[in-house]
Each structure stands twice: as C-alpha cells, then as structure tokens.
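Per-chain numbering from 1; labels A, B, C and D assigned in written order.
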Amino acid sequence: MGLGLETFPTLAAAGEALAANAAARYLGGGTLVVRSANEGDVGFETYVTASERALTDIVVADGRATIGAGVTMARIAREPALGFLAPAARAVGGPAIRNMATVGGNLFAPVPYGDFAVALLALDASLDIDGEPVAVSAFLAGRDTTHAGALVRSVSFTLPAEGSFLFAKASRVRPKGASVVTIAAVVEERAGTISSARIAYGCMADRPIRAPAVERALAGKARTAEGIAAALAVATEGTAPPTDAIASAWYRGEVLPVHLKRLLLPA
Amino acid sequence: MELRKEYFADERKDDLKEIGQPRLRADALGHVTGTTTFFADRNLPGLLHLKMVRSPHHHARIRSIDLSEAGRHPGVVRILTADDVPHNVYTILTLIQVGPEDETVLATDKVRWKGEAIVAILADSERAAHEAAQKVKVDYEVLPAVLSIDEALAPGAPVVNEYHGQNFYRYDSGECRKVRFGDVEAGFAGADHILEQTYGSGPIEHAPTETTGCIVMPEGSGRFTCYTNTQAMFFTLDNTSIILQMDGAKLHMVGGTVGGGFGGKVDVTVEPIAILGAKLTGRPVSFIYSREEEMQISSPRAAEKLVIKDGVMKDGRIVARYVKAYIDAGAYSRHSPYGAQKSAAHFPGPYTVENVWVDSYCVYTNRTPSSAMRGFGVTIGDFALEVQMDKLARLVGMDPLEFRFVNAYRDGDMKAHRQPTEGAALIECMQEASRAAQWPVAEKYLQMSSARREG
Amino acid sequence: MAMRQGRGVAAVNYPTGMNLGGDPTQALVHSTPTGNFMVSLSSVDLGQGMKQIMAQICAETIGVPTDRVIIDTADTDTGPHCMGTFASRGTHRAGNAVIAAAKEARQVMLEVAAEELEVNASDLDTDGTGNIHVKGAPQRSISIFDTALAAHFKRGRSISGRGMFLIPRSYPDAETGAMKPSTCYAHACTVAEVEVDDETGEVNVLTVKNVFEIGRALNPKMVEQQLVGGSWMGISHALYETTEPYYPSREHGGRDFNEYLMPGPGDLAQTEVIVLERPAADGPYGAKGPGEMCANPQIPAIANAIFDAVGVRIDTLPITPERILRALKANGAEDAGTVAH
Amino acid sequence: MKKVPVQFTLNGEEKAEFVESGVTLLKALREKIGDTSVKAGCQQGTCGSCAVIVDGELRLSCLTLAERCGGAAIETTGGLAHGEVLHPLQRAFNEGFATQCGFCTPGMIMAAKALLDHNPQPSREDVVEAISGNICRCTGYEPIIQAILAAARANSLSAA
C-alpha cells in the first residue's frame, strides 16, 4: 500500500487518529519519520499531523518560556528571548535540518541524536501531553513504555538566571557532527559558590539522563578546579554510554569528565 | 597551487598552446545549472523498481526460499531468483583470465556475507518492493563465520568460499604473490638494526555522493539500453554479456557522467540483474543502491594487515626489507587478487633496497567483498611503509626526511620487481618539501638529483 | 589539558595503469564539415575532468582551440574500447590514444590544406587559433573551417584518425615476481602539522604541505582541484574513515553521512599544493596519473606527526581519538610528547 | 494510490500537480515536474544533495512531503540562471573550479544561496556553517568555500 498523509486541525484529533490506526505515525518536521519511510520502513502507511496553532508558538513571559512542539531548531536559534538556548538549537544538524527538525521530534530522537532534549532536561522542562504536565525526565524515562507514542503539545521551563545555562557538544565532525557526548547544565552561583546545579548528558545512555551524583557533588562548591574535582570524580556515575559508529562506550566514559571540566571551567 | 617550473626545466618545453592552460571545464556549466544528466535523471514510463533481499547472516546455508506471499503482493511484477540468471556464478576479472568464477549473482544454496543478494523484487513502486521484501521467507542454517584475516588463515578455519577451496587466492606462485630480490636473510645478517612492525586498517568506503545504480530500457529492437554510472563501460558490458549469456550486440551501455567513483563503481553488481529484469518483464527497470547499501553493501577498500621487517645500517641505509601483506577480500574475489599483486609490486616503496622479500596474500573472510579504491593495493601499504620509515629514522638517530634522501630511488636503480627506475622525482619532491615546510636538511641532500647518483 | 603539536613527513610514489591485466584504450577523432573535431571514446568521467582534459589534448595535437573539440564518450555503441577509469590510467591511456588519433586526423587535415594551398603538407603548420599556414610565410594560410569544407565537399577526404594505446599484459614471474606492473610513476612528499588534545585524543590537522610530481599539469586548475580534494581525502582516511569502526567486528558500521565519518568544512587543514613536472617519456605531453597518489602521503605524514606530538604510535587506521587516548593511557599520558623532534 | 492536488511556485512558475499522498518533494520535483537539478544522494537527510529553498528557508526535499508545500515558493538550482546569465554563485562555482563530479553542486548552491539571501556578506565561518549539511566527496570543500565568498564579494561590488 502506498503512504498517505492526514492533517488534523488539533493535536487531540491527530491523537485520536493515531490511536485508531496502528499503521499511522505522527509527522512533525519529518527528519525522523520520513527518513524511516524512505529507507523502507513498511511498519506504517499513514502520516498523521496536526495544524494546531499552539504547536508553533513561542511564548516567553513572567520568567517562563513555552515552546510549541512543532517549533523548529532554526526558530529557537534566532529567537532573541531564548538567546541562551541558541547553542543547543544550533547543535542539531545542519541549516536545512534545523529548518525542519522540531522540539517535539528531538525528544524522541535516538542516540547519538537528541541534543536539544539534553538542554531541556537540564532546564527541568515540563511537557504538555494531553493537557497534563509531565516532567521531561519522566517522559524520557518512559519514552518507549508509558509515554510511547505520546503527543507533546509544548515544552515549558523557567528561564535560567543569566549566564547559568551551559551547553557543550563534542563531535567528531565540525561544524555538523553527531554527538560523542553532549552536556547541558544550569549552574547557579551565590557568593562564589554553586548554590544549585542541574547537569544533563546526551549519549551517556540510550537517552538523555541527569547526573545526580555530579549535581550533589557540585552543591556548595566553588567553580574552580579544586571545587569541581569531587564532581568530576563521579561524572560517569549512573551512566551507561552506548557504543556506536561515532564512539565507543569506553571512549565516551573517558572523555565525559574532560568535557564536563571544560564546560564548568571555561578558559 | 604553485607550479615550480625550475625543477626538470631542461626536460620540458613549455611552449604548448592548450596544454598547461587553466581552461574552464566545459562540463562545469552543466553542473552549476543542475542540467548535467546523471544516469538517474530520466523518467521512463512504466519504470519498475528493483529491491534486493539480502542475507542477514555472515555465513549460512539456505534451506529454502518461499516467495509465494511476496509474489502475490500488490504491485509486485516479478521476483528474480538464481534460477533466472543464465550464468549465475561469475567473477569480474574473468575478462583478463583471472579465475575462478567464485561469486553468485543471486545466492543459491549459501550466503557468505551479511548483505549478500538473494532475490530481486521488481515492483511498480519502491514502497511495494519494500513491502514485498518483508514477505520473502528464507530459511537459513547459520554456519560458523570467519571474520578476520587471522581467523581465515588459522588451521581448521571454516572454508569461506568453496570455489577457492581455501581461504586465500592461489596464484601461479602459490598461496601469495611473491617478490624475491637479492638475499634478504643475508641483508638482515649484516644489518646494524632490525625492526619488525605490524600495521593494519579497517575497510574504507568510497562514499560518492551519487550511489551506484542503473536504469535499463528495453528497446523495440530487442536491445537493452542501460544508463549506468559504471567506471568501466566495457567491463560492465562484457560481464553482463557473460552473466546473462546474451550477445553483447544486444547491450548498449550509456554512461560517462558519474557522481564520484573513487574505485567504487568498477564492480558489476547492478547492471546484469537490472537488464535481466527488463528482459523478463519487458519494462524499464531501475536498480539504485540506497545510501545504506552504498555504505555497507558496495565493496569497500579492503582491510589490510602488513608486517614489515627491515634491516638498517647505522648510516641510514636500508639493506633488507621483508613484507608480508594480507588483503581482506571478503567473501569473493572481485578485484582483490589484482590488488594483492599490485601491492606486491609496490614494495619496497620508492626506495632502493638491495634485498627484498614480499609475500602478498588475498584472503577470504565472511565479510562484504572488498574491491578497488583510489590507491588500490598501495594506500595502506604506503601508510605502513612511511610510518616504518619514521620509526627507522628514529632508531638510527637520523632526521626522518634526511633518512628518506639516503634511501630514495634514482633513475637506473633496479626495483625489486626487476624494472629499472625511470623518471624518478622523489628527491626533488622532498627537496621542495624541505623548503616549503621549512624542514631543514643537510646541503648534500639538496644537491642530490633523481637523474643521477653523485660521485 | 594540553594541546601538543607535532609534525611528520612522508614520501610516496604511485604507478600509472594496470599492466598486469593488459591495458588498452582506443580513440577516434573526426572533423565536422566546418572544422570542429569530435573525439569518440568510451572512457568515463568520474568528475575528475576526463572530458575536458581529452579536449585539451586533442586541441593541442590538432592545433585548434579547445572549444573546437567535442568529446563524445562512454556510449558503447559509438565509443571504441577503453578499459575503464581506474588505476590512475584515464589521462595517461586515453590521452595517448587521443594523441594518436588526433595526429592521424591532423595529417589528413594538413594534406587537404596542402592541396588547397598547392604546397607540401610537410611545409604547413597550425597557429592554434584555427588557421593553417605555410611555415615561415604566415600570409599563405587557410582556415581550418575552409579546410574541413574542402575535405568534405571538394576533396572527398575524411579528416579523421584512429588512436590506440596498449600496454600489453605483464605476467609476474612466479618465483621472483619480476613484472612490469605499470608504466610511469608519480611522486609526492607531504609534511603535516597536527595538534593533539592529550585529554581526548582529538587531532586537528593544522597544515599539510604537499609537493606532487605529476609529469605535466595538463590543466593546472584541474590538477589543483584534484590534488586539493585528494589531500582532504588523505586526511580523512588518516583520522576518520572506516565502514567498520570496530573491525573485525561487523557491528556499528556507518549507514549514512552522519555515521560514516569524514572531515567537515570546519575541519579543514591549511593546505598547500606545490606541483613539479618531470614529463614521463610515455605520457601524453608528459603527464602521469596523480589522481590516486594525491590522497596517500597525508596518511603516514599525519601518523608520524601524531607521534611527534604525543609520543604514541597508532599503527592501525583510522587513527581515532579513541586509539590515541588508549595509547596515551597505556603510555602514561604525563610522559607523552617528550620525545625529541 | 491516493493522489492529492498540490500547487506551488517553482522558481517563480506556477505548478499544479496531482501527486501521490505522502510522496516527498524530492520525488515530486524529479519525477513529476522533471526538475532533476534536485539530486537524491541519501534520502536520509544526511547529504544535502536534495536541498531546496522553500519560502526562503533551506530544506531537504527528501524529508519534506510535497503536499505540505501547497502555496509555497520553491527555489532550485535548476531555475537559478536567467537564460544564459548565471547567478553569481553559479558563476563563482564555475570560475572557481568548485565543482568536480557535480552531483553535490546544486544542493551546495542552494545552501549557499540561502545563506547569501539572509547574509550577503558572510564570514568564512558563516559559509562553513551554511554548507555543513552538504557532503562533497571530491573537492575537500575549500574551493566551494572560496567560491561562495567570491560570489558574496561579486554581489557587494554589483550592489555598490
């Protein structure tokens, strides 16, 4: 059977169509699902998409940002109110991919992709799924199980304090390369010491993960070589990096502390 | 780029009118306007799409193939199996009498690498072909696989390819192509230092931006026009003629504008089966590798293993060089027996060494067949040789560039494969490199010439 | 963290052609009624510019501007046999065939012109712009346009030529390996400078300075394209490329251009290309085949530069950050880079 | 197979076609409309050979569904020249020997045009970023970068 596209005015209607048709897939920017069809995935025959306005909205107000799931990386990269996020948005693909790839799609991107989701995890973002708030950490943990096939309307997060959001991606190929390791962090400092830190990794497991041991070890420390030493010592705790064409699990584990150190201690 | 005309000026007249001129390329206008016609830039009405069903196993016996469900799938026009191929066991270099025929166009009783072609589905759309491919049922008995050169040559290793009978290509010289020059053992005996090192490489893909493919049009005349991106028109025509047992006069290959080759388009893997499909259906057929097929199914540059043992004197002269080279051909020969002997001829590199021993092996493993690539039989050898040269220089305490001057070949020097050196220019390249890279060498090396030996 | 710099050198040669199989290429040349020249071949242009170079070779030989030559190639109905485009043979083999065919066509052209001018053909020469004149008397001339018209409509001559270039097959001696595997050899020497991150094993190639000896630069801009692109591929081979990153394991082979690694436009080394010309006695206008060689010397030069930088030898390609890091850790990273240059 | 109508402009010309639902813009352009300047290099979104400009933005036609382009203005390299007059990028690629096999060239020129349309005087870094989604296997990229910078300079001269 050939492929077909069905477009619905709301995400809810799209969700009903998907629920009713096991051979349907949600079509966002197309970078994952159209590729899959092109490569001979015959597991689905219908693209379902929604034209709901909220999917492409960016709202920044009262210290909080809400980004529609259909907003592209390119739009985020040029959104003045989200300037701190531009490096994370620009870490995705090349220019053409960034004009297509969406926030929602990135949440589902398998390793070594999904760099933007790492940023969202560090921001402790909340997802709107069927009108219910779901923490991005909970969503990612249940991505293939409880939240499989979930339709994300938007993501929202509290804007981090000026200068507190850090992002780094190590890749083999520049400027566009799949990730060896991606690290996003929100590090807040008070009076010369770290008051709180949220650290998220990409490519250190089969999906973006937080690094609670590092976060604990940073709390109350100075952002100096000495201050972060304990955190670096536990950098790989709880990680299970994949081996793939880009890098081995061993290599990822070895260089993670190096990149974490460089992120936390800028030259 | 800089042309340094002062070198060899007396060997060259620079009075030509068209040669040496930086004329614009006549084909570039087509490229920049997007009007250059590549083989796939044709829309033929009624075109069928060919998709190959491939082995998921490195090595397996095929117990049975069930096409009943796939054959009934809507849009499927025909499914080709080994029984449809008139001369199903072939080898490309049979044209230059390099046998035996050792590869099946479509697998019969066995598959010998993960990705080997088994049946070809011809359908109205790519989608229908993909869907039908899922419905082809192949019953395999998985066999032990040999995945490395060392495993292949170990005693008692499973035989990869019964057409050879052992896991290496048998030359008229025996298990390897040999070069014997001087007395290598005497050379080692008289050497001040001996250094033996092992080098290796993984397979490398040509990765042209245009994947391998062809489109075939059955003509009313009974001939077949095949638009192809092959690197060798008559290699393709003649092999197709053999495989299909079809008079070459019925075949018309059209090509010559290729989206990158690098050696990756000298195998004859798409044209025979696509032409067969066109013959059996009477419709035009397109067989174009997907990017994943180009990356993992098309022949890569072979993985290699090289052992180099050198005897060197304190003054830097290499007096003996012993090389064992192993080329991982994968499951079938393709061009690898040629590459292994080209490799044998390349040693000891652009240096004059009086005692040389080379054994170059073409080894079969249950891997994607490798074949020609830019630098065929030489690239990995040069990596090994030139790293070895660096190590030798440090071993005798010499500057690595000066060490190469000491050993560089000159006109008239006898090479290990017993051809006198002509037209050498290694020394001049190194002299210019010394200048350009500001890598100083002693004056005596700057006075050297490839054309004659001093003194 | 330390970025450690090093440099390395490598020198190579490369054979032209595939004599071990027998190595023929043929060409046909004929003029149109108005004095353009068609070259019929079955050689393949892979992007290296075969068609352009054959046009320049034909034009030089006949004595016309390059834009008067049209290349019709890679159609097995019309093009005479060519072994194929590989083994650095295209320019050399097809070029020699085109020269032979063009010489024969030129001879007929001069004979027709001689009849028109009522002189001996051996007294004639071309000026390269489309005219034939009596040597030493440029005012006694006829255009190639008029010559071709005369050949077709008045003299009944075919201004055409057949060209054949064959290197007969060399059979290696089974015992000694005595053989003639190729004809002329191109040469190169590359010096590479690298910077190695000793905490991650990442390598930046800072500069590559390549000297290539290629016989003759038939079209210097096209030589440059190929040598610059080849130099990039050499760097790519050294540090990035493999279909099977964990060879001999068959796992994790790249399936696309994200997984199959090659340097991106942000990874480029400062690249210098210097060309020397020592014409090959048997090459078309002295040319050798540099298309394959140009991607080779960077690989060992970079390997040697990495050793110079951090004191570890990676003897397996590609030289990945992982291989370097493993070697550094095995060596004791703090001792690395202390080997004297 | 279900066919759906789709209407857009291609290089300024109105196009109205019935395409198969779910078909990619790449296939619609190549097979339906006959614009084969758009190349299929991977159909995975990893090579950029199929890049086109849709409503001023660079996109990969292999990952874009044709029927989602209704009403769009689509540009391809096939429509860039005006008769024999080449676009400055085309001229720069030609004169700068920035094309070898030519397969990546149309996509590369689209990526460059998308850059220059938004940023007529790009830095080298901007150019590198702009072509980062486009694979070239022949040139080593440097001649392409130089050609794009040359086109930008030519633009600024003609604007001055």
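Heads up, the rule we're going with is that contacts are C-beta pairs under 8 Å (C-beta built on N, C-alpha and C of every residue); 3 or more make two chains touch, one makes a residue touch a chain.
What you see is a predicted model, and the numbers here were worked out from it, not measured in a lab.
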{"item": "Pair joined by more contacting C-beta pairs (A-D or C-D)", "value": "A-D"}
{"item": "Rounded Å distance between chain C and chain D, as computed from the means of their C-alpha atoms", "value": "30"}
{"item": "Length of the line joining the C-alpha centres of chain A and chain C, rounded to whole Å", "value": "46"}
{"item": "Distance between chain centroids, defined by C-alpha means - chain B, chain C (Å)", "value": "17"}
{"item": "Of all residues in chain A, the ones touching two or more other chains", "value": "2-3, 39, 174-176"}
{"item": "Chain B, residues touching no fewer than two other chains", "value": "25, 27, 125, 207, 257-260, 262, 290-292"}
{"item": "Set of chain C residues in contact with two or more other chains", "value": "46-47, 49, 221-222, 224, 228, 230, 233, 245, 253-260, 262, 264-266"}
{"item": "Category of the chain touch graph - line, ring, star, complete, other", "value": "complete"}
{"item": "Contact footprint of chain A on chain C as seen in their complex", "value": "1, 199-201, 240, 245-246, 251-255, 258-267, 321-322, 325, 329"}
{"item": "Chain B-facing residues of chain D, complex", "value": "1, 30-31, 34-44, 46-47, 49, 76-78, 80-81, 86, 89-91, 93-95, 97, 99-106, 109, 135-138"}
{"item": "Residue numbers on chain B that touch chain A, as the complex places them", "value": "51, 74, 125-127, 130-131, 133-134, 290, 292"}
{"item": "List of chain A residues in touch with chain D within their complex", "value": "2-5, 27, 29-31, 34-35, 37-39, 46-47, 49, 74, 93-97, 99-100, 174-176"}
{"item": "Touching residues (chain side chain C, partner chain D) in the complex", "value": "46-49, 221-222, 224-226, 228-233, 255-258, 262, 264-266, 268, 271"}
